[in-house]
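These notes open a run of structures that come right after.
Below, chain A partners chain B and then partners chain C, in two separate complexes.
Presenting the complex of A and B:
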């Protein structure tokens, strides 16, 4: 058994371990901590989606809300207006988002948008969708859409009022699948091509990489995953409006996790989410009921965002490759340091 | 047979004619040197052949059958024309072998097969012991070898080498010349080589083409080129003639 396990590549072993941990976690948590855990895993999933396009292929998206919102609205409208199960709805949403990714990817890359300019273009596309949705009847304009609660658990409607653990298991499964896709990508031609494009597009093209095609692939994969994240959250929250779906808070939140955790690494988005999401939840609850000597911050919004800002500045200055990026380096340094200590002890003893 | 035919190629940048009505043929298995003063249009001609620039006039015929004029660089690479860059472009954060695998993936989609081919190429260019370090920690000479390995991994029939010896010490240059010779002799790759190191290019090439102000002023065997008055005047200078004798 152990022998078998050892033959599995390292990242897949980590993924199996993560699956086991995620299966156990909800059993140990109370109601509040469970909602923190759901948020954490959900943001890790969104970060994983961003990481494929922004991290591996190096196409920085500042408008991931566009894809997220397409997923959120598609499954919601299909459910509320047509009675179609969100499980099916989220796949349709993923397909729409991938199609939208194809269109904006083609438009941007064909006309040579790169770096900051591409990032700004993605932001503009997300804002465009937000503004359009405030006027669009089919998504009930700026009023938004309520998903009627079924009152209890329903797998077909993806609502788990009585057993919120199921929400956790659903998003945990998505995260595992997302990470699995990421690992497969990094080990195959498409992942090598993504990274080659990120490092030097001209050199990649000279080696036969169809850079336009592969950049669009990256956007489409990333978009489909983000859309599924959007569908999930709206099913959990049971309400969607233009700023929840296409707002800049989503676009920023999605890219913060991989940047803090480690851009272009498999585990970076998860590490980033583990650091930031609980922090956000605890700060929010802390601000809701602060101790008496801090009563002046009671009910003030945005403290978590300020803390995020500080963390981001620290990370960018001291560890631009992110926590998952520097952790192995520190670990190696610690180990070499220990080896040196051992050796010097031996020398002294001799 | 002619592997590459360059036919009346002209490339202009605004009012500047960088390559002016250049024609020549490259035989399969040949090593053709391309020399000329800075700004003569050597790299521009390379960029036209490799698809980085669209020529204003003229055609590029590959393998006597395919008109590859104006195709995208990745398509041209697929035909079997690989190039290196004058200013090296390693994928800095990837390991040496991963860099080369990007090239190998042109001919296979199987990761293990790509890695096997990449390790072969890495070994061939003499980077075997550094295969698993990040490309960013290679020396200049190492990076030049990496460029070669990556290009070779695409299994080219024609290799365009843009100043692979620039920035190397004389000892390193000698080794690279040896390597390039092997690429032609052992792998049967046809070569088009831009180089400023005269001794190297003269010994390496079967023929030499001389560009001056975008025009092809001579194309012949090295010994003839070294005595060509126009070439000596335009580029080599009197001292070369003396030094060579």
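Presenting the complex of A and C:
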């Protein structure tokens, strides 16, 4: 058994372990912690989607809300207006988002946008979708759409009012699949092409990589995953409006996780989400019910985001390559430090 | 005698009134201007034909009003964008806290007016130094420590800063929109033989005192900034740093100091703009966001790091926004009405695709 397990590549072994942990976790949590856990896993999934495009292929997206919102609105409109199950709506949304990714990817890369300019272009596309959706009748303009609650558990409508654990298992499954896709990508030709493009696009092109094609692939995979995340969250939240779907907060939230965790690493987005999402939730609840000596901040809107902003700045200044980047370095320093200690002891003994 | 020395003649390079690159930019502008004139001439001839002249007779005032407002407001956009483009040019960061700093300036102006009855146009003498110092503190505390980190980190730092500032303002001032109104906005002013009766009426359009003052002050401050950049040692050091960091360091320019001062000057620009816009806008904790986005567009439009381009980009965006709003009214065919901001993004994407180097930039 152990022998068999050892033959599986390391990342897959970690993935299996993660699956086991995720399967057990909801059994140990109360209502509040479960909602924190759902948020965490959900942001880890979105971060994983961003990481493929922004981390591995090096195409920094500052407008992932565009893909997210397309997914959110597609499944919601299909469900509310046509009674189509969100499971199917989710896939349609992913296809639309991938198509949108194909179009903007093709346009942007064909016109040679890269770096700052590409990031700003993705930002502009997300904002344009937000502004257009505030006027669009089919998505009920800026009023937004409520998803009627079925009042109970329904797998076909993806609503689990009685057993929110199912929400957790759904998004946990998505995360596992997302990470599985990431690992597959890193171990295959397409992943090497992505990284070649990230490191030096001209050199990659000179070696025969069809850079345009592979950059667009990265955008499309990433877009489809982000759309599924959007569908999921709106099913969980049961309401969508233009700023929930296409808001800047989404674009920022999505890229924060991999950047804090470690850009272009398999586990970076998960590490970032484990750090940031509970932090955001706990500061929010802390401000709602602060200890008595801090009672003046009770219920003051904004204090929680202020704290979040400060912590974000501190993390980025002190862990510029993400936590996944700094952890091995600290480990090495700890080890070399120990070696030095050993050596100095030896010299003393001599 | 052989040792007789000829006095060496020092050939001074011909120093024009303006530096060479500015001259080139102006020439390019002139060319665009001529092109514009041709278009105006064509439009003019068209206007004198039947249907169009009836249309223009009906909607001309609306269009002219949009043009006037666009230019007046655009100058302030230009001022905000100048700060942003300067920061980008030297520090190579996209400062997402620029709009939030504008909001800070607006609240300073508001507080000065409410508590001490300071005229908003005088409060620039407070907001400019205050934001300059704030900018320097931010640069020292947050931007400088991350100067060698990957590029996206600085962007996230300014984002975190923007989150912090916006929410601190929310805590301090609540979300209630605040505004100030000038007591003399509708007075008559006599300047020698001319009497100005505000709001002015020019060719059927209305020019309010607040917007005219913002326009004049914005142009004035742009001129001052341009003078500093072109004519002073500090300005030369800033431009040198923007052009070639290592080269500048080699000739003895203290890059860290210049980065700090540039960030300060950049934020001082929004300090000035804040005082100028408050009389005709209102302020809430996220009031600066709209300016932030327009400023990004203007920076790209004018060419990243190009100060003169920022002013021209500001005017273009001001015009675009105002014209976009009146289009559904004046066009003889249906046109979907939408927010001003959408037009900004459309221009933005077009510029990114077709002239990412900016309108004044070389290919």
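Here is the rule we go by: the second predicted complex is superposed on the first by the 324 of 350 C-alpha atoms of A that agree within 3 Å, B and C clash if a C-alpha of one lies under 4 Å from a C-alpha of the other, contacts with A are read in each partner's own complex, and residues count from 1 in each chain.
Here is the rule we go by: a contact is a pair of C-beta atoms (placed from the backbone, for glycine too) under 8 Å apart; a residue touches a chain by one contact, two chains touch by 3 or more.
Since this is a predicted model, take the numbers as computed values, not measurements.
Trainee: Please indicate which partner A:196 is in contact with in the superposed arrangement: first for chain B, second for chain C, both, or neither.
Mentor: So A:196 only meets chain B here.
Trainee: Given the touch rule stated above, what does A:23 touch, chain B (first), chain C (second), both, or neither?
Mentor: A:23 sits against neither chain B nor chain C.
Trainee: So, A:211: does it touch chain B (first), chain C (second), both, or neither?
Mentor: Only chain B is touched by A:211; chain C is not.
Trainee: Of chain B and chain C, which one touches more of chain A's residues?
Mentor: Touching more residues of chain A than the other partner does is C.
Trainee: Is A:8 contacted by the first partner chain B, the second partner chain C, both or neither?
Mentor: Neither chain B nor chain C is touched by A:8.
Trainee: Between chain B (first) and chain C (second), which, if any, makes contact with A:184: first, second, both or neither?
Mentor: neither
Trainee: In the superposed arrangement, which partner chain does A:294 touch: chain B (first), chain C (second), both, or neither?
Mentor: neither
Trainee: In the superposed arrangement, which partner chain does A:124 touch: chain B (first), chain C (second), both, or neither?
Mentor: In the superposition, A:124 contacts chain C only.
Trainee: Note which residues of chain B are touching chain A in the complex, please.
Mentor: For chain B paired with chain A, touching residues are 50, 52, 72-74, 77-78, 82-83, 85, 89-94, 98, 101-103, 105-106, 109, 111, 114, 150-151, 153-154.
Trainee: Mind pulling up the chain A residues that touch chain C in the complex?
Mentor: 60, 62, 107-108, 111-113, 115-117, 119-121, 124-125, 127-128, 131-132, 134-135, 252, 255-256, 259, 263, 300-303, 305-306, 308-310, 312-313, 316-317, 320-321
Trainee: Where on chain A does chain B make contact in their complex?
Mentor: 187-189, 192-193, 195-196, 199-200, 202-211, 264
Trainee: Inside the complex, what are the residues of chain C that reach chain A?
Mentor: 94, 142, 145-146, 148-153, 155-157, 159-164, 166-168, 170-171, 175, 285, 293, 296, 300, 304, 336-339, 341-342, 345-346, 348-349, 352-354, 356
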